[in-house]
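In the two complexes that follow, chain A is the common piece, with chain B as its partner first and chain C second.
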Partner chain A sequence: MRVLSCIKQVAVLGEEVEIDPGGRDVDPDYLERSLNEWDACALEEALRIVEAVGDRAENEVVAVTAGDEESEEALRRCLAMGADRAKRVELDPGSSGPSDPLTVAKALARAIEGESADLVLCGVQSSDSVQAATGTMLAELLGLARTAVVTKVSLDPAAGKAMAHRELEGGLIDVVEVDLPALLTIQTGINEPRYATLRAIKQANLKEIEVLAGPSESAGAFRVRRMFVPDKGASAELLGSDPAEVAKRVSEIITARLS
Partner chain B sequence: MSGVLVVAEHLQGKLRDVTRELVTAARELGGPVSVVVIAREPRPLAEGANLEGVDEVLAVSAGRDEFENDVYQAVLEGIVAEKSPEAVLAGFTVSSMGYAPALAAKLGTSFASDVFALAREGEALVATRAFYGSKVHAELELPTKPGTPAVVLLRPTVWAPAEGAGQAVITETTVDVGPSRARHLEFVEAPVSDVDITTADFLLSIGRGIGERENVERFARLAEKMGATLSVSRPLVDAGWMPSARQVGQSGKTVKPKVYLALGISGAVQHLAGMKSSGTIIAVNTDPEAAIFGVAQYGAVLDVFELAGELEKLY
Partner chain C sequence: MGETRTVFAGLSHGEIIAWYGLIVVSTAVFLWGAARLVVKYRAGRRDPISQLWRRAGHMFAVVFSHKWISRRDRLTGIGHRLVFYGFLVLFAGTTILGLQTDLTKPIFHWEFWEGGFYLGYKLALDIAGLLLICGLALLAFNRWRRRPARLDYSRPDRPEGGEAGADRRLYRVGDVVFVSTLAFLAVTGFLLEGFYLADADPRFAAWSPVGWVLMKWFRAMGLTGKSAGLAHHVLWWVHGLAALSFVSSIPYTKAVHMLVGPANVAVRDDTAGKRLVPLAADAASEDVGYAAITDLTWRHLLSLDACTKCGKCTDSCPAAKAGYPLSPRDLVLDLRERAEALLGAHAALGLSGAAAGTAAASRAAGGNGAAAANGAAGVSGADPGRRVVLGEPIRPESIWSCTQCMACVEICPVGIEHVPIINQFRRRLVEQGEMDPLLQSTLETIYEAGNSLGEPKRKRGRWTDELTFTVKDARKEEVDLLWFVGDYASFDPRNQRVTRALATILERAGVDFGILYAAEQTAGCDVRRAGEEGLFSSLAEANVAEISKCRFQRILSSDPHSYHTLKNEYPAFGGDWQVLHHSELLLELLSSRALEPARRLGYRVTYHDPCMLGRYNGVYDAPRKVLETIGVELVEMPRNRDNSLCCGAGGGRIWMKEKRAEGSRRTSEQRIDEATSLGPIDYFVVCCPKDVTMYSDAIKTSGHEGALELRELSELVWESLALDA
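And now, the complex of A and B:
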């Protein structure tokens, strides 16, 4: 069995914001990067599924990303967690703004076509863009059955099926039977991603990451026209920075509102 | 110009609120508004979707009571080919996440999700949405033309729900979409619990900002002393620190207490979905740019442990 796991090195904005001179993204100096939370859960699930099958020589997890060279750091973390191989498709939106999900899905598809995957797992969304679209677009490009926002999965490879729990609004679970091969987008809470040991991290740094050229230029799903820091407008009245004073004000507000 | 197609969302025989909001958004864009209802017996739902400002309701009988990705995608592909709408609007919901991006990829159309403002500009739509923890906003250009409509998923509870009965023509059709590759089997309700955070007047709500599992107990005690009910953001439930009955947000409970005190919660869109209509929101967070301050009436840029220390003295 081969499970492909798509991951993203997300960008996290700190406590200060500066828009790039091009006006279509945040200045990269203000962004820190890390493995997307949802993708860590997807990779963990991929590892558990393959480990449950047994023999790791015949069964593998392949981590795939579409991004710039820096995003290999996230792939290395996946290798350290236990992925057998890693592939990166070159994708660098430069200063044209955050990538649209179709462009990313097309790039990922290049790395997955030809792998004859039994299962492809993506995170539900990336924490920096919250589009919740890349996985479902990728499923379409690959012609796979799909289910989005999955909190539980069990495979029955012999029957060519999987059972998935799709978590709806309010926590209602929709139990779905999916034909294999399939693409599932994984929701947090499905598992607790493992930590990598120091030894595994060192070994991961020695592994080769296969790099593929990005897809040829084609129309994406949108064009970022302008990015801006929203007008704070009617935002919160600040209660100060002295803890004792804040506590007193908080307590007064609560008393007034509850009476 | 060939109008806007709204995809009605329904669950267990009821139209979901977001459908009415989509109708309002479609009317604002201008042009004929069609609503499509996909079900086994769509007629009663179609009558509910006949809201003021709707020109046509397409009641599509597709042999399934409940949502399935492949069914929605196939039906919508057919309608887009036949009616050539300029825009397809659906809610930014779990179900839409399963078919709408695929529809856009298949038809090669423009797409945007979690959109909270939408306007027409010549041949394109301009959608506004957030990036990077909702700390910045961006305007996205979505080219449209009949046959390749913009597929846009709108954030729930932004547009006012359409009210009043409409005078739409209800067109009934039956579509044979064949077997789905992902089939609905059954629903499992969230486990019942003896805490009900939806009826509390005062919620003290903690998020990942409390750091470690060991700290949960401290805030639980503080809540008790203050006469508050303890609620949490999703990561605390994911980590198994708290039962899901205490989770506020899109996949948890929608709450509307008189006071919502948010401690160490960033204000992700799915969290705000469950608490933004609270009476008074007080937010405490070390990050002055945290999105939670955007919905709070009162805020303090402060470490939650320092605040807890002082509150413990007062109560």
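And now, the complex of A and C:
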């Protein structure tokens, strides 16, 4: 069995944010980078599925990303967690701001085609651009059945089927049977991703990451025109930091609204 | 021929042959047991040893001075000294006699056991016997009358309470047998002497004063001549058989500490716990840390047998005191029992298989899933599954309870290394991802952000914004003093006040100093002690690389954790610098008059020794002298200096949830109780950022708010200089 796990190295915002001079993205100086939380869960699920099948020599997990060289750090983390191989499709965010989901999906598809994967797992969304579209687009490009927002998976490899629980509004659970190969987008909370020790990360640094050329057409499905911090709304009132004054003001507001 | 007595007096030729036969048998039993010990230790991991002569010298110094045994327990110190020296002289006496009987007389026809030598020998041995009996009486009085809590075998590490399924009956029987055997040997020895003198009545009987008194007594009872000879004859065999049994039993009983205790003092690591053993870069997952009993190094396996169950470790353990499931003594005993059952004489004799397996299974039944699996796999003695001790009996919650404060290692009379052993178990738990989720996310944060608070690197120097002067960037210009500030002191608002106070003092004293700003990362002291060795080494490498780029004379650290690691653990990563704690620097500046207190503060304060500064590095006097210089009256808490009580934050505990027994009190709160018991105290003085945080909280939660306040050492110095904020 072969499970492909698509991951993204996301940008994490600190307390302070500055927009870069181009006005299309956050100034990289104000960002930390990390493995997307949803993708960490998807990788963990991929590892658990393969570990449950048994013989690790014949079953593998392959981590795939589309991004620049810096994003290999997230792939290293996946290798440290236990992925057998890692592939990166060259994708430079360039000057036009973050890549759109379709461009990313096309890039990922290049790495997954020819792997004859039994299962492809993606995170539901990335924490930085929050489009929740890449996984679905990738399924379409690969011609795979797609099940989104999965909170539980059980596999029946002999029957070539997977049972997936999908999270719906209002706490409803949708139980779906899907034929393999399939693509699932994984929701957080499905598991607790394992810790990758620095020993394992350092050893992963010695492993080779297969790098593929990115898609030739550079024009994405959309471009970011402008990124900005919205002005404070007129209806908001900041109450300061002195507890006594805040309490007094809250009391005044409540009294005024109630009367 | 001068004064002497006939060896083997009254024994027939056959009896003497039988006696030598028994000596051969008992020696063989002793040697087999001793050899089994060696075989057991060889089952552990390799760990090369060097400097044997220096080690031997150190061992003799420790053993003969009894300085480790006497610490914080004078009664036991005196009692054990009497037993030790009494036994040693008696043993030497027997050896000397054996030397003549079996070596010098038959081979060289030389007899020296006569005349003045003989009389001195008799007197010395009589005195030694008396000392031995007095020592045994003192120790017995301590154990069975005075009953200090540390000698109770109840397990504070088990929620079940009491001895919690662990069979400690054999230990109690062993204690009685050991003391009474020694006493029996001493008493029968004296009686033998009395009977001999009553029979032979030599003119020099008074040289054996105890025997002489007994002789008088026996004679008064009418026991002379032949009847005394008969009594001597019977008792000779009783005494002889008891002595041979004792010798042959040494490797198998509590008496083994006579061999392994000194051996452990000799082979132990002098820097145990202070410099943890690095992990090989190419180590496979299953080689990381300890999980199986055979993962322990031979030194650690050996140290287990040195334990005398004196309980000083558990008695000094802050985790045990605060209701955490940890008892260093029981950790050692659990490991020792498993090692003996699987690798020792018990295993070789087939005594341990079923019994130990059942015990493990029954204990595992109450434990977690992994433990149950381990126990179930352990029914057969040969099953390699039973070698795995992590899970049961070594429970992860116990391993995580430790604050790595070194109180146990520091007080252990035989030098057992509990802290590094626990750290090795932690390494495996981290490798398996079995840790508090909060610790896991903190480690991930440190990996990504370079600090434990998840603050952006560029904010590390923000604390300087409120200063009236600029702090030099040591990356860009040469400084005299490179200040490694540390996470809490850089980012935590309460600690930033302290950091600014210290910066202002340095500025006032004209010290040329600078900081690393964004290039500084967590030193990694607690990362290492939490068991994430890989992350520690990458932090160390990064910091050493950054610091090495700077030009400076000395390093200042205001955080004892960073101080310890920079000073003691970075040399292994190529960073060998002179590192100062700020208490040492403040003392230097006050002594050289670079700082002149404007007034004597006149407060009444108490001072808390941080573990990493005190026990780890022996810096006890500098902060005290600083307090004296600024005119503060220092009132010591009962537990001070090396006996200082850990605040509870060390070893990464500050990044884990508290899992204490209900009704227990945090050690930080117990410490504030201790401080308030000293009468009116103005300030509780600390010099560690973690202490600032822990004790600021503890003063509030312990119910002593208003009774005293917390001050960092720098804040008091700052106040004495009458500086403006």
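Throughout what follows, the second predicted complex is superposed on the first by the 234 of 259 C-alpha atoms of A that agree within 3 Å, B and C clash if a C-alpha of one lies under 4 Å from a C-alpha of the other, contacts with A are read in each partner's own complex, and residues count from 1 in each chain.
Convention: a contact is a pair of C-beta atoms (placed from the backbone, for glycine too) under 8 Å apart; a residue touches a chain by one contact, two chains touch by 3 or more.
Bear in mind that the values here come from a model prediction, so they are computed numbers and not experimental data.
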item: Partner chain(s) touched by A:26 [first = chain B, second = chain C, both, neither]; value: first
item: Contacts of A:208 with chain B and chain C, given as first, second, both or neither; value: neither
item: Touching partner for A:200 - first (chain B), second (chain C), both, neither; value: second
item: Which of chain B and chain C A:230 touches, first, second, both or neither; value: first
item: Chain A: partner with more touched residues, chain B or chain C; value: B
item: Which of chain B and chain C A:179 touches, first, second, both or neither; value: first
item: A:240 touches, of chain B and chain C: first, second, both or neither?; value: first
item: Which of chain B and chain C A:221 touches, first, second, both or neither; value: first
item: Partner chain in contact with A:55 - chain B first, chain C second, else both or neither; value: neither
item: Chain B and chain C footprints on chain A, overlapping residues; value: 12, 14-16, 192
item: Residues of chain A that touch chain B when the two form their complex; value: 11-17, 19, 24, 26, 31, 97-98, 100-102, 105, 124, 127-137, 139-141, 145-149, 163-179, 182, 185, 188-189, 192, 219, 221-230, 232, 235-241, 243-244, 246-251, 253-254, 257-258
item: Contact footprint of chain A on chain C as seen in their complex; value: 279, 281-283, 285, 288, 430-431, 433, 435, 437, 440, 443-444, 447-449, 455-456, 458-459, 532-538
item: Parts of chain A lying in touch with chain C, wherever the complex brings them together; value: 12, 14-16, 29-30, 32-34, 192, 194-195, 197-203
item: Chain B - residues contacting chain A, complex; value: 11, 66-67, 69-70, 92-95, 97-102, 104-106, 108-114, 126-127, 130-133, 135-143, 181-190, 201-202, 226-227, 234-235, 237-240, 244, 247, 250-254, 258-259, 261, 268-269, 279-284, 287-289, 293-294, 296-303, 306-307, 309-311, 313-315
